[in-house]
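Note that the chains are named A, B, C and D in the order they appear, and that numbering of residues resets to 1 at the start of each chain.
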């Protein structure tokens, strides 16, 4: 759960949309740490998982003080890539959805296969992650 | 021209992609001020122009110190919306592209027709804006 | 507790210090919501509590993945102002300290006395808040 | 000159003060690039220049669309440190002042003497930099 904080909001009193991408990135970082047991601080010793593409649709505005729940789903892993889907709700109301593709790269920035323990985990679950 | 600054970059030494969306927003803000003569600070007295959807493809990473040129193109205006296309290059190299739809809304957040002088300007030019 | 996230860090792999001020602001926002029962989203309907001055000393760098505990203390409230002191630790190690003065202002930006229930609460406790 | 942009502003329509520290950091980065001919992207190949302490006094609020001029002054260089002073004005009006101490460190984070060409330049001028 992410409360919409003062720092997320613009002069119109609603979330400035680049802040949503920071929330999405925090969500992916939490997914790697809590679910894949491969925290970004470990990933970044040997490579990175940059976002190759991302799209988002903002259906309803979110205001300062709103409580957002951001859920993450993923598809079956590609050899070096992974598709992610996000949905943010406030109560029953859908606020935004997003889809992205991330890529596992080595220290030189070259796409490289997911580590075995990560691939195994990504293959096993095809369910939800909130 | 936007130099990639220290504050744009992540521990991998490359631009953290939410910062690209801040650059894109700055670009739209400059387009409204310099090209449409309707600066955001005037827009926001009476309404707003929120982004309804946006997608981006990051083709090559950008590093601290790179000089990016971000260009903006737009389509013919809809009644209340406008499609925008962005391309960022460093020298000859394409770094990322993005497409977005913005909507003109009134103070209550309801889509509302573009002001006549803005519509006229958006209709007249269908060219480039850097 | 605030884990140092990817988005907080700079190309040197350490926290970019303006992000510390965002953490400090989040801390003040949580203090108002949880301790004073006067959340920022309520404050901002009728005024604001801008920071008039702030100073910080960064004693040790913090790295991606570190767990910071940020504590907030406050002095006795002035008529319209309040002094705050912050300390961030990681385990036993002190990472940074900061002091600020915030001011209660009305919708026109004029300093205005703290509401009675806020003053009463600020006067009663002179202890710690983490 | 830094126009106050949409992304700098908070729900109160004024600059969110952590954004001022980003402006200050951009100013230091420009000073190193343009005045010391030692751009941050070169500095960070071999070390860094972290901020050890900073204080700021916000005298007047700045609003979306304001044109700020941020000036930087520095004292005589210490062996490994440097004192900086900043003032931001909008027209004739002083908006904020700040003072900081930065330290030259090597790749291991240990304070290390300024390079000769940097020390020489810092010693020679004791004037203003805008």
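Basically, a contact is a pair of C-beta atoms (placed from the backbone, for glycine too) under 8 Å apart; a residue touches a chain by one contact, two chains touch by 3 or more.
The chain lineup, named per UniProt: A, B, C, D = 4-hydroxybenzoyl-CoA thioesterase.
Small disclaimer: the values here were computed from a predicted structure and weren't measured.
Engineer: Tell me, please, which chain's centre (mean of its C-alpha atoms) is farthest from the centre of chain B?
Structural biologist: C
Engineer: So which has more C-beta pairs touching, A-B or B-D?
Structural biologist: A-B
Engineer: Distance-wise, how many Å sit between the C-alpha centres of chain A and chain B, to the nearest whole number?
Structural biologist: Result: the chain centres lie 23 Å from each other.
Engineer: Could you state the distance in Å from the CA-based centre of chain A to that of chain D?
Structural biologist: Result: the chain centres lie 33 Å from each other.
Engineer: Go ahead and note the Å separation of the Cα centroids belonging to chain B and chain D.
Structural biologist: Using C-alpha averages as centres, the distance is 28 Å.
Engineer: I need the residues of chain D touching at least two other chains; which ones are they?
Structural biologist: Residues 6-7, 11-13, 16, 18, 22, 25, 44, 64.
Engineer: Within their complex, state which residues of chain A touch chain B.
Structural biologist: It is residues 11-12, 14, 16-19, 21-22, 25, 44, 48, 50-58, 61, 109 of chain A that touch chain B.
Engineer: If you look only at chain A, which of its residues touch chain D in the complex?
Structural biologist: Interface residues on the chain A side: 6-7, 9-13, 16, 18, 64.
Engineer: Can you list the chain A residues touching chain C in their complex?
Structural biologist: Within the complex, chain A contacts chain C at residues 5-7, 13, 22, 25-26, 29, 39-41, 44, 63-65.
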